[in-house]
Amino acid sequence: MNGEIVQNLKLLSPELVLVFFLVVLFTVDSIWEQTRKNFVPLAVVFAACLLGTVATCWVSKTAPTVFFSGLVANDNFSAFFRYVFLFSCAAGMYLAFGSKELEKQNRMEFALLIVCVTFGMSLMAISTHLLMLYIGIETVSILSFVMAGFKSEDLRASEASFKYFIFGAFASALMLYGFSLLYGLTGSLQYGEIAQYVQANLGNMPYLLPLSLILVYSGLAYKISAFPMHFWTPDVYEGAPTPVASFFSVAPKAAGLAAILRFFLDILSYDAASGSWKAIGGEQLVSVVAVLSAITMTVGNLSAIGQNSVKRMLAYSSIAHVGYMLMGILTLDTFGLGAILFYIIAYCAMNFGAFWVVSIVADLKGSDRLDAFRGLGWSMPILGVTMVIFLASLAGIPMFSGFIGKMLIFGAIVKTPGLLWLAVLGVLNSVVSLYYYAKILRELWLEGREPGTASELSIYHGVALVGLAIPTVVLGLWFAPVIHFVERSIATIL
Amino acid sequence: MVQNCIWIFSLPLIAFVLQASLGKKLPRQGDFISVIALLGSFLLALPIFLQVVSTGNISEAASFTWLSLPLPIPDSFLTSHPGISAPTFNLDIGILLNNPTAIMLGMVTFCCFLIHLFSTGYMKGEDRYNMFFAYISLFSAAMLGLVVSDNLFTFFMCWEVMGVCSYALIGFYYKKPSAINASIKAFMTTRVGDTCFFLGLMGLYIVFGTSNFSEIYQGLQGGFAEGKTILGISALSFIGFMIMMGTIGKSAQFPLQIWLPDAMEGPTPVSALIHAATMVSGGVFLLIRMFPILEAGHVLPIVAYVGAITAFLAAMVAVVQTDIKKVLAYSTISQLGYMVMGIGVGAFAAAFMHLITHALFKACLFLCSGSVIHAVHTQDMREMGALRTKMPLTFLSMLIATLAISGVPFFSGFVSKDRILGGALGYGMEHQVHMLIPILGFAAALLTAFYMFRLIYMTFCGSAKDEHKHTHAHEMPWNMVLPTLLLSGLSLSIWFAGPTGIHGLDPFEVHWFDNAVAAAQTQAGIALHHGDEHIAHTAHSLALVLSLILATAGILLATLTYLKHAISADAWKARLAPLHKVLVHKYYFDELYINVIIQRGLLVWNNLLARFDDRVVDRILVDGWKDISMAIKAFIGKFDDLVVDRIFVDGTGYVTAAGGWILRRFQTGRVQQYVILSLIGFSVAFMCLLAGPK
Amino acid sequence: MSFLDWATGLHGYLFVGTILATLGIIAVVYRRNSIGVLLGIELLLNAASINFIAFSKFRTAAIDGQIFALFIIIIAAAEAAVALAIILRLYRLRETIDAGEANLMRN
Amino acid sequence: MLSWMIFSPLIGMAAILAMPRNRPDMVRWAAVITTAVPLALGVMVFSQFDRSTAAMQFVEQVSWIAPFNIEYYVGIDGLSVPMVLLTVLLSFICIFASWNIENGVKGYFSMFLLLESAMLGVFCALDFFLFFVFWEVMLLPMYFLIGIWGGANKVYAATKFFLYTLAGSVLMLLVMLGMYFTTEPHTFNLLHLANLHPFSTLTMNLFGWQLPMDKVFFVALFIGFAIKVPIWPFHTWLPWAHVEAPTAVSVILAGVLLKMGTYGILRISYPILPSATLWAADAMAILGVISILYGAFCAMAQKDLKKLVAYSSVSHMGYVVLGMASLTTAGVNGAVLQMFNHGTSTAMLFLLVGVIYDRAHHRWIVKPDGSRGFGGIASVVPVYTGVMAIAVFASLGLPGLSGFISEALVFLGAFSVPRFQMYVIIGSLGIVLGAAYLLWMFMRVFLGPLNEEWSGLTDMNWRERFTLIPLTILVVVLGVYPMPVLKLMGTTVAKLLTSLT
Amino acid sequence: MSETAKIILVLFQLLTLASALLVTFSPNILYASISLLFAFLGVAIMFLYAGADFLAGVQVVVYIGGVTILVLFAIMLTSWMYQVKLRDSRGKLIVPLLLALFGLLPFLYQGAQHLASRVLRTVPPDFQTFAYSPKTNAVGEALLGNYLLPFEGITVLLLGALVGAVWLARPK
């Protein structure tokens, strides 16, 4: 018995590393009382992420299996997402550590929370069992309510956390209710068995399977802020401290997508021949998901136009990008799903960079409105140039990773017959998105020099910005190896 | 001989380049360069001319491919015919030296040289003196290029370069607004003509695949262009009509003649050079070259009518002009009308001869008027008078030229004009319905004699109207008088037909011109004689008598009114007041063109279109929808957030912004409403999913 | 099949579960007092656990359902704690806990 | 060789960015040297280019992204050599034309060099993906060049230009992807696509209708390229972009960027979608004629010198479109020659407008309130007037200068197609109007009594003359003997037309 | 299961429903919290009848003992002492009611009943008899056997929630 447990624990080593460093955080905090001031929390989190990456590499070498009695799975897919989560945890902590919005003394709590959230996210990504998925989602949600309100004594932050709480709790409760119905219907909590049941009696679940899946999708859509459940995103991102908002816009979304991919692909019986999901009338689901992604995209882009708070604008743009990513699911082949994974990598780098610039400007000018950016390009060239790279990449200008991501997604859409309208809509959306991204560029560079205040960009942030800009450009130009890596990781779950 | 031709037109070209680049720095501002260049080309042209005079025949040609484009041929064709190299679309240009070319060369080089000589005196002391010589040598090069070119393409190129030179020369005194308006008017009207000529050229390429004259002549004889049509009408008549339009534009014929009188704004040697000897005659030379096409395209009657009408109308206006150069301008238009009519009625040789003789005596007239103007510093004849004693040599050459143009025997004008009128009469007698043409011709002959002698009397005879000017008048230096004398010398009929010019009465006949032209006609495949022999003979003799009577009547009338003042000009003017007013206003052509077409039509249309482009297309179609979306905004209420910053005034932008604004209205900030909205969203999605597998 | 059999059987359990879920959702949406919203969410979670227990008894007769219900209860407790902390904080800053007023950030 | 030509400006850009901020002259001379390199390479290419074959030359093919078999496939043939030469020459000249840029010198020249390498890339790319990447990379530098160093409402013009061109190129992206996925061994390679051109038989459903695939592709591509050319309905961005752009940028915009649209049609639409081309030839001819007349009419009503020249570019590009649509040897050769000639003559016009703007700081021919903008300055600045006269008459189409021969060929080609004859006659009105507005401008600005206000104008200094001399020589030489350029494109156009007919 | 047991179960179900109604609609938040207590009690009884005795115990301890008391504490802290009956401003009832009657209820209700009848068709009837068999040891075995990972994983959530709740609630 214990041999098997040791084997299971070995496969779970990245998560265990995180827990171990949680403990380290606690002990160091209680023993050494001035850790509040110095850089210890940052160092600990970095060590956690580094070791976690090493563990993930080591684990991903072993053959893909489902362990812990069917609760979790270890394969390239989970390894891919573990890398993403560890990277964004490290980057999030690095940004939070440098930002003025989070006072010095509560850095320890923040480090703790961010590691717990990363643990929850990797749980979401690797779980193949409804209970594990639920625990993963709840860990991430509850702790993000706390993180959203982390700025002490700030009304907007607490209001943001309050809204996030109500919407989040409600959505996960709905999802839970969906799980219960699914459990009742299929009689099991494990994806594999559910899939067998669904495979067995395909035709005669006309009402129940759609109902439970819609309820489950509500919980997951809330996590990635897709159309029906996206209302909370702008208010929370604006209210929450900027580093937290940037972390929210990247990591939980990737986790949500991982859960959606794993959940829907495992459960719904995918008929390779007709290339559609037979479980609930293939074309029906495809058109519903297509419509949902189209609306998400359009809502995100259109609402972002009139904004003059850049954080709120980037919130809407993140909704729009989720819309693009959802489009990838419709093709159901390695190309389309590989495109989503590639898009996630590209999206993480460029979106994090854009938020990073916003947080620097917020620290500097105290406000994230558009006119705070006036003439900054000239006074802080590194910030200006990197922001151009991030925004151009977000808008989908070639030579940047965003364009390649979008190209792959649109390619996948163009490939499937009958979805051309979606491709055309997506393409028009990216033109509209360019308009509001260009508004920021206009403020940065085109409005001429801003008098005085040639404030210099601190090395601390400069290194980070350049660090994020380089992959955005390199991925845009030379993305062959990444394509192989992404294809390998998606193959395991299809 | 072909090498000479190349040198003939490249010498002035070199002079132009030298003059334009370093004219200012040379002594005497480099005028000697262009004079010597023209002398050189004259001397080179002389042997060619003499060969034609003596042997009556010269024909040499040389050409090289200027432009060759490989044609698309299916690869199968290449494989099946390995030997042949890929066919190409060639555009060959070169020199054609036949009789008409030789004669024209002789005349043009001679006139240009004399005018260059004259202008060294006339233009002394003007600023931009060197540029003047640059322009006229470029002009001479272009004219010579036109004369020697063996195909219509280079013909057209030289044709347009001449147009630009005339634009530059007319607008030489660019300080005067009237001068630059005249230059633009000249350029635009000739440009309209040139565009039609260009279309004719395109037509030629389509029908014959080439624009080389000899190939066209063979093509015509070979019935090459039988069935071909352009825009539904027969190809040849289309080409013919377009080429005629080209001539109308360039030689200031009936519809497009408004620019020539205004072109008098330019310095007088320019008028002499361009508006007497060369440019305008270029148009007629085009008709001569293209005669077979016109004939085959049945366009000749139209040409004849245009010629006749122009001749008559221009002569009528010339009668009432008071400016000496305007009179000569209208007389040029009238004489050109004669040449065009001559070609129209088929009197090919007569028209060509009239071209040569007219060039000589009209150049002489202009140069003399130049001397007169230079002397009295005014162009208004009413202020001149009794210059006979002051400027005897100029008076002599002017008198000879006037006699020539009025068609008095012993002078060249009589010979060519009489033949044209004979041809016209013969044509009229043969085709009764076209009788109007000879009538107009003869009427114009009468008027020509009248207004020319009116000019002579008003300037040289009678009492001096303005003492101050009269005292200052003096004879011109040698470089201005010599050209006029030489030209007047050449205006005698002895060079062309015989001492008196009347057939039969002459002791000896000079036939070099007739033989040369006959040889050219056979070469081009044009029938020597039209209609039957008999009618032609009677027509010529009748025309001889009639032209003599009319010439004397004209001179008599002029002497009575202006020398003897027996008939008071003012009385006639009062009696024919309405006619006089119309003539003074030049049949209101100017007003018609400038005000109606240009001002009200084109410019209004442009402003409308520009505003349309700015307002409608830019604002509505593209910046668009602003008004519609503004209406929506007003309807939705004063919500100022929609006042998207002005940057995105673009319509599509407005629509998306409005769409975005509506969407944002749902973001009320109250989380419970978010929950309701998301539940609604889900139930809708669920119902779609449930719609059951179609 | 008498009413009693119906009520005490799977149908009864699911019926109670559904009614509790609906009332929970109405509470979340309707209640102006934020604590009322919290109560609604607790109801909703309870409905889910009833479902799990019912299916675990009638459908699979396996222990999974009960384990899931157990974890629901644990997580609901944690959530309630965090929720009340947030509500207290909001109260301290704004002197009111009316869910409707929290619309500082909008459109 | 080609890769060196494309990427040497980038090396220069890196060098400039590394230079210290306070040494503008060092930056300028670095830019000169950097653009001199491609100029030299261009001359070498011109000399070594083999005129007899229509095959691609100087080809470099390296696999770039293996999984989607995208290659860095670069090569030039008769179509692209004139354009490459034009780009290389104009960029070299524009560096000198932008000598008096003061603020942000480093930014300006680095953006300019990036623009140059993008343009060269577009003309040499033979892989659709590479073509598209270079096509869009050109957008950012242009946006900043117009937006930062432009005129009064430069921001509006820059944004409008950016969005307009992006909307067009986005359609191109979809067509690219469509072509990639419908060809059997998925490929972006333009030459393979040309040999296969499988699209004429397939159909696709767009919003529910079954439409022939090649026609849909052609229309989408045409819209993308028409926005760039600009052809009539899509031209409203041109006057804005030109008026607001600094001199050197509007020279490049008019000289090279407008040609990318027509080059794209000839390089991509014609060989790959032959049947659709034949189907759309009439429509293109009509649009060409409309552009000719529309541009000319609008130009006549303009009061701003630069806007007049901008609309004249619309009119002249109309000739190119008409020539292309005629699908005859003379027509297409004339069109490509017109692209080259229009490049040189409009570049001269814009440089000259820049010269007068630097001195007088306004460009009104007739001030909005009706008073005279400039007047009779010929006497004050003779050399400037002389060069302007050459430029005006070149774009007017005076024989002996380069404008005439290309217009003649275009009309000759179009006229030989029976159904186009009526269009040619209407189009020939464009020649007359062309003369009208250019001479009207020349008269209003240069001739007539001197307007005292501008008696103090100084004539062109040596730098400005240096920028204009090469263009003047080109205009005159090509006018007299156009064979050097025509020889380049002859065989390629012949091969292109064989594949079409 | 004897008749009387069924009647008791039905009574408790009715208790749960009634108290749930009170929780949502009663104007006074205090009454609502207390009725929530009774609802949890009813649910606990239902767990007992469904054979989940350990769960019933946990439910009573955690929900009734912990969560409800916590809620009462929160009410005390957030509304002024002398104004216990916090008048709950009457929100617009129409929208939620409409939503419930036409939106959610039909779907969920039809789904549940449909599922119930489907399950009863497939699962043998004798299985439904009430056979009380203590489940505690089964739960224990499962927790430390198959469900070891969630058992351990939940600790991270609880730790995070603990730290977060303390941090949020602590006055500065």
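The chains carry the letters A, B, C, D and E, assigned in the order they are written, with residues numbered from 1 in each.
Everything that follows uses one rule, which is that a residue touches a chain if its C-beta (ideal position, glycine included) is under 8 Å from a C-beta of that chain, and two chains touch if they have at least 3 such contacts.
Bear in mind the structure is a predicted one, so any value in this text is a computation, not a measurement.
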| item | value |
| --- | --- |
| Required steps from subunit B to subunit C (each step between touching chains, minimum) | 1 |
| Neighbouring chains shared between subunit A and subunit C, ordered by label | B, E |
| Chain separated most widely from subunit C, comparing mean CA positions | B |
| Two chains sharing the most C-beta contacts | C-E |
| Chain centroid nearest the full-protein CA centroid | D |
| Maximum centroid distance from subunit E, chain identifier (CA atoms) | B |
| Between subunit E and subunit D, distance of the C-alpha-averaged centres to the nearest whole Å | 73 |
| Approximate Å spacing (C-alpha centroids) for the pair subunit A, subunit E | 32 |
| Geometric centre distance via CA averages, subunit B-subunit A, whole Å | 78 |
| Gap in Å, rounded to a whole number, between the CA centres of subunit E and subunit C | 6 |
| Residues of subunit A engaged with two or more neighbouring chains | 131, 135, 138, 142, 145-146, 149, 153, 161-163, 166, 170, 177, 181, 184, 207, 211, 234-235, 435, 442 |
| Subunit C: positions in contact with at least two other chains | 14, 17, 21, 24-25, 28-30, 37, 54-55, 59, 64, 67, 71, 75, 78-79, 82, 86-87, 89, 99-100, 102, 104-106 |
| Residues of subunit B whose C-beta touches two or more other chains | 641, 647-648, 653, 664, 667, 669, 671-672, 675-676, 679, 686 |
| Contact set on subunit C toward subunit E in their complex | 4-5, 7-27, 29-33, 35-36, 38-40, 42-43, 46, 49-50, 53-59, 61, 63-64, 66-67, 69-71, 73-82, 84-89, 91-92, 97-98, 100 |
| Residues of subunit B touching subunit D in the complex | 66-75, 86, 88-89, 153, 156-158, 160-161, 164, 167, 171, 174-175, 177, 180, 184, 187-188, 191-192, 195, 198-199, 202-203, 205-206, 230-231, 602-603, 605-607, 609-611, 613, 617-618, 621-623, 646-650, 653 |
| Touching residues (chain side subunit D, partner subunit A) in the complex | 64-68, 103-104, 132-133, 136-137, 139-140, 143-144, 147-148, 154-155, 158-159, 162-163, 166-167, 170-171, 173-174, 177-178, 180-181, 204-207 |
| Interface residues, subunit B side, partner subunit C - complex | 641, 664-665, 667-672, 675-676, 679 |
| Residues of subunit A touching subunit C in the complex | 130-131, 134-135, 138, 142, 145-146, 149, 153, 155-156, 158-163, 165-166, 169-170, 173-174, 176-177, 179-181, 183-184, 187-189, 234-235, 238-239, 312 |
